[in-house]
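Each structure below appears as structure tokens.
What follows is chain A paired twice: with chain B in the first complex and chain C in the second.
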Partner chain A sequence: MKSGSEKKKRLASWKENFADVGAQLFNYLFILLASLLIGAIVILLSGKDPIAAYVALFDGAFGSGLKFADTLDRTTIMILAGIAGSIAFRTNIINLGLEGQLYIGAFAAAWVGFTFHGLPSYVHIPLCILAGVLGGALWTVPVIYLKLSWNIPVLVPTLMMNYIAIRFTEYLIAFPFRDPGAPMAGSPRLAQSARLPRLIQGSTINIGFILAILIAIIAFWFLFKTKTGYEMRMVGLNKDFAAAAGIPVNRSYILALTLSGGTIGLGGAMMIMGFFGRFLGGFSPGYGWDGFMIAIIAQNHPIGVLPAALFYGGLANGAMAMQSATGVPQAVVAMVKGTLVLSVTVKVFIEGMRKRLQQWVI
Partner chain B sequence: MPEALSVKSITKTFPNVVANDNVSLFVKKGTIRAIVGENGAGKTTLMNILYGLYQPDSGQIFIKGEEVKLSNPRDAIARGVGMVHQHFKLVPSYTLAQNIALGVEPKKGIFVNQDRLNQSVQAIAQKYGFEINEKEVTLDVSVGEQQRAEILKALYRGVDILILDEPTAVLTDMETKELFVMLRNLVEQGITILFISHKLREVLEISDDISVMRNGKLIGTVNRDETDECQLAEMMVGRETLGGRMRKGAEIGDCILHVEGLSVLDNRDLSAVKDVDLELFAGEILGGAGVDGNGQEEFVEAILGLRPIVSGKIRIDGQEIQDLTTREIREAGVAYIPSDRYRSGVAVDAVVWENMISGEYYSPPLSKGMSLVLPEIQDLSKKLIDSFQVMTPGPNAKTGTLSGGNIQRVIAGRELGLEKAKVVIASQPTRGIDIAGAEAIRKMLINYANRGAAVFLISADLDEVLALSDRIVVFYEGKVFDAGYYDEGIRQRVGKLMTSGEDCIDEIR
Partner chain C sequence: MGNIDIRSVLTLALIASSFRMATPIIFATMGGIFSSHTGIFNVAMEGFLLIGAFFAVYGSVQTGSPLGGMLFAIVSCLLASLIFAILHLELKANPIIVGLGMNIFAIGMTNYLLTALLDSTGVYKSNLIIGFTQIQIPVIETVPVLGDLVSGHFPLVYIAFLTVYVVYLILYKTPFGFHLRSVGEKIDAAESIGVNPKKMKYYGLLVSGLLCAFGGTFLSLSYLNLFGEGMVAGRGWLALAAINFGGMRPVPSMIGCLIFGFMDALAVRLQQFGLPSQVVLMLPYATTIIVLLVSAIIARKKRMAGIGKQDDVDVSVATSSKKVEV
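And then the complex of A and B:
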């Protein structure tokens, strides 16, 4: 009898949760349509046909199995970047250095890939991945030092480290590790044993995509089901509360930055080992910044990152097709992305305000 | 002498509280009037009414002989009444001059005329004998100078009645002396000053007349030359009969918490706790009385390992803890109910269970290896919610949706529910919560002491301290004075120590 009522209660709370998720999804759908509508108005104003443009965009992203596979390949880096942003945000660390950590991780993986030859794949690939993760993580060490010893907010140092990383890797491929045979400034090619196995013939999609989804699930488990994740979230929500409870605040900050850097470093490794096959200067059009936005859209939830990353991957892949088919510039896509992020931010902000207002009224 | 300001029969009630009860007051032009009283006596409410922030339920306000209705601070300023709040309202990144003239800047077209702005501010400062570097950025200057800017901000708007809400609370001794010189200057130029304080020594030094408030009533007004600290303290604390005593006989055991020569700095690196010795025994409730801001917070934070100490030793059961981490100190058996529950008691955006396990999550049965055992956590949270009667839909509710009293029950459940603590440090545990909630928290503390733990109850609410404590110490200017065990004379002794520290101590004994 008692367990029956317990079951009923649980069912009710499930139903509530579903209603909640449903309302959230509806919200997002609305925001998405509004963003596309604003994009359409701009396209219309520039004298082009918005419907044709969006059809071309959609077709380019999802129009065939292979196109869809390529979109999923783009999604890999978007997922990892979004997870990297979310982990830091959850600890209330604004890691503006994802882009730099991406470059360093990518180069570290590339170096292991082109320096060592004759290793079997099952050794070489993990080694490259490890190098990418360590590269991204270690690039945050100066920021951690500044934060812990001088109490400098990470915002500025992480941002500055981006420029150092991008220029430093440019130097590395221009001089010490230059491959004269490369079409652009780039490193030597990775050994074949360091390349990620592709999943489908005709598309660049590789096992990196599966790894990225695994990472998202692990990140979810880590943040919500482990002691360390609990500590990081509590520090992020109220560090004074955490300190008074005896939760190690500084350790949480260190972990947030290194795990965030390591995750995006892994993303860099995936791009080099899966897509490019060598390190190319300026290879990222801003994946680190996309990660930042994806985390915002997903409200720092690792599972929410998956659809947001797929959307970003689709836009990235479809934009090119749209431009070549209809002449509508890719910049329109950037605008739709921007509107979307802005709308989500405003929505979160309004919800926060409403809650605060309710508290005031009560 | 002509009257600057008077009020007749002002009454102001808030839900459950009569903040001002039929208060009448008459202030002469060109004098300094101090309003003294304990926390919650109604001083600030009265001043907020005079500044137009609150409207009284009944009663009249006269400014310069004319009856006025003040519906907002702009009305008050137009009538010549300005107020400097305890917490400054300055834009940190602006210069002092920009802050002083904020909103009434001299204009050139649509732009602010910076030169005229600086000149006009300097002119006002000179007129009243204020030293100020008006071009300095506010966040770079001392608190004393920020306060000068706040006062000038009022004077810049042509105010001649100035209300200062505890102006010395944030100042060093040196800055206080400087402030008093400036206030004297102002009075000589015909400005009238109302000054809220609970520091009786300062009040006697600076004011002409002193009005004492208690429980919303104006007890009386005395001339500075015809009174002394001990009379004022008596007026503030009163001779109430000791009603509502909740504590009955205690079995005192061994010394559990032993503090020796503890010195601590505050956030501004000023000495906040000065060479304090304290002993806390098993089974007793030690009351820590004192006006807020006399070192209580810093003392508690030092014990918890949240604030570095300058010197001294802290022992629990003989074990030195002053160099341990907060977690190690808590594992040594310290429970802590912080004074600001929203700042350091809970994370309001976390759910209830997340706030309930913060002291236990890392050990079995709540965790296993690196994972949390969520079913165990849910069970424990439900148990604590039941036994501490937290009104919440369940462990998964957002903590911020709970009332203050229920949030305090969440904290009490976490800190006291597992019955592990040897020392309970409860800082303002019932501040701002409903009566039933306060009563419940007090009962929990008593139960805890009866079980043999040592309870240190720090509260600015004297009645609460008197109702619960076996023994009382008083925080005054960073020092701790022992008022002895509970008896008929304790209210008087505590009251005097609270307002004047060691000055009265010989008299009391």
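And then the complex of A and C:
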């Protein structure tokens, strides 16, 4: 008797969960279509065919096995950037410094990669990765100091640190570590032992992608299954309440920023070790900002980051193909991304509309 | 590098160009003060400046006049801030996220329109862009020192400083300003005297859009007549730092802007002396962080001093630091 009602309850809650997931999917579908529609209108206004453009975009991203593999390679950095954004957001830290942390992490990894020679790969690669993570994490230290000692919100300082990081790495490759043989301003090449092994011939996809997925799973486990992760989320929900409950608020802030910086620093290391093979000035077209948007779209859920990152990876990879095939400028993709984020912010509104729709239907 | 004569760096021209560099930041700061007083920390100003700068150039090319360009900038920035206001106030979206979304959207949009409307990528430079011309003030122009500092600027530089005064008057000397500030300080009290907080928040955001249009126009139609993707270079964020520095009061915030403007001008000047551009271009951003730190230290000292004699607690500083916290 008792177990029967329990079963019913469980079934009911499962049903509720299912309806919830369905509602979420509806939301995303609606938002996605709305963004693509706005993109289509813009393309139409400039006198081009939106359907041909989107077909070319899709074909460029997923059209063949190798194209898909390249898209997955782009997804690596998107995943790590999205995780970095999510970890900070969960603790209610708006880390606008992802871009700068990415540059510093990438340079630190590159430095270890081109300075040391003759190491075996199984030593060199982990060393480079460690340098990338530390670089990204340590770049947040000034921001942490300002926040904890002087109660200065992280918003402006993290952003200022971006400009400083980009200029600083530009300086490093223009003077102390300049490689005169590089095609554009860049550091010397990494030693072969520091390059990430590729997974498929003919594509740039490498073990970094697998690592990124592992990081997403670890981030999920850390945020939702450990005490420290729980504490960080509580601080994010209400820091006064968390403090009253004896949760170490400052420690959570420190962790949020350093883990966030470390994750995107790892992403920078992956890009340099897997794709570029040397540090190039201005190598990121805004991956930090992409990560920020991915985190918002995924509602700061590490597993939700995966599909969002794939979508962004596809957009990034397909945009070029679209431009060369149909003459529609790549920038249209940036507009679609912007619309997407703006639509997600009004989720509340969309949620309300869905409920009204449901009332009509039923 | 060590043999730079300080006297050849710190010239009157440097001070004069500090005014120029501070101008767009002053416009954004004054706009941001309006929205901050209604309790909205406007992080979209970076995007508004970019939109303003782009449409000023486009409008100038279309109409053949800098004023026409400015009109385009004003209309587009008002529209952008109206979208921001609707997303936040009507659709209840988080203002910080909307603001950041607006910035990203602004980058995408100007980037796209640059290709679609002006057929160029990255930078648009053309003889078709008609910019403002400098104003030589008669009489003052011939006075030594003063003439160098005050005369020969672009009209928007004078308007920026005038705006500071006007914003001060509106906020502190009119009933409208009192009502606006009451919304940010004590929303219940504001409602009890019949102020509509939502309406005030609309005003705050629209004014910040309007003034960012002026700032954006200055960026692209004065001194250099061009539009470049990265031309705003964080000035919308420097404005937020300046508002924080000045505790949302117009004149102290303007001083913050002048500090940033000076650092900008100094960076350009030091480059001419052969210092690596990458290093000197860090100056304004590093200064911002230091300014934030210094203002936090000063605020804490004031509060400490206030604890002794309870009546003299500086309310404006205490409330402003609370409001700006995110």
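Heads up, the rule we're going with is that the second predicted complex is superposed on the first by the 338 of 362 C-alpha atoms of A that agree within 3 Å, B and C clash if a C-alpha of one lies under 4 Å from a C-alpha of the other, contacts with A are read in each partner's own complex, and residues count from 1 in each chain.
By definition in this document, a residue touches a chain if its C-beta (ideal position, glycine included) is under 8 Å from a C-beta of that chain, and two chains touch if they have at least 3 such contacts.
Computed from a predicted model, the values in this text were never measured in an experiment.
K.L.:
Who does A:L159 touch here: chain B (first), chain C (second), both, or neither?
P.N.:
So A:L159 only meets chain C here.
K.L.:
For A:P248 in the superposed arrangement: first (chain B), second (chain C), both or neither?
P.N.:
first
K.L.:
If we overlay the two complexes on their shared chain A, which of chain B and chain C does A:R233 touch? Say first, second, both or neither.
P.N.:
Touch status of A:R233: first partner only.
K.L.:
Kindly classify A:K225 by the partners it touches after superposition: chain B alone (first), chain C alone (second), both, or neither?
P.N.:
first
K.L.:
Applying the document's definition of touch, where does A:L146 land relative to chain B and chain C: first, second, both, or neither?
P.N.:
A:L146 contacts chain C only, not chain B.
K.L.:
Which chain, chain B or chain C, is in touch with more residues of chain A?
P.N.:
The larger set of chain A residues in touch belongs to C.
K.L.:
Quick check: in the complex, which residue numbers of chain B touch chain A?
P.N.:
Listed in rising order, the residues are 304, 306, 325-331, 336, 338, 343-350, 354-355, 358-359, 361-362, 367, 370-372, 374, 396, 400, 403.
K.L.:
What residues on chain A touch chain B, complex-wise?
P.N.:
13, 225-228, 230, 233-234, 237-238, 240-248, 355, 359, 362
K.L.:
Give the list of chain C residues in touch with chain A in this complex.
P.N.:
Against chain A, chain C makes touches at 43, 87, 91-94, 96-98, 100-102, 104-109, 111-112, 114-116, 121, 233-234, 237, 240-241, 244, 276, 278-279, 281-282, 285-286, 288-289, 292-293, 296-297, 300, 321, 324-326.
K.L.:
Quick one: in the complex, what on chain A touches chain C?
P.N.:
42, 45-46, 94, 96, 142, 146, 150-157, 159-161, 163-164, 167-168, 170-171, 174-175, 286, 289, 292-293, 296, 329, 331-339, 341-342, 345-349
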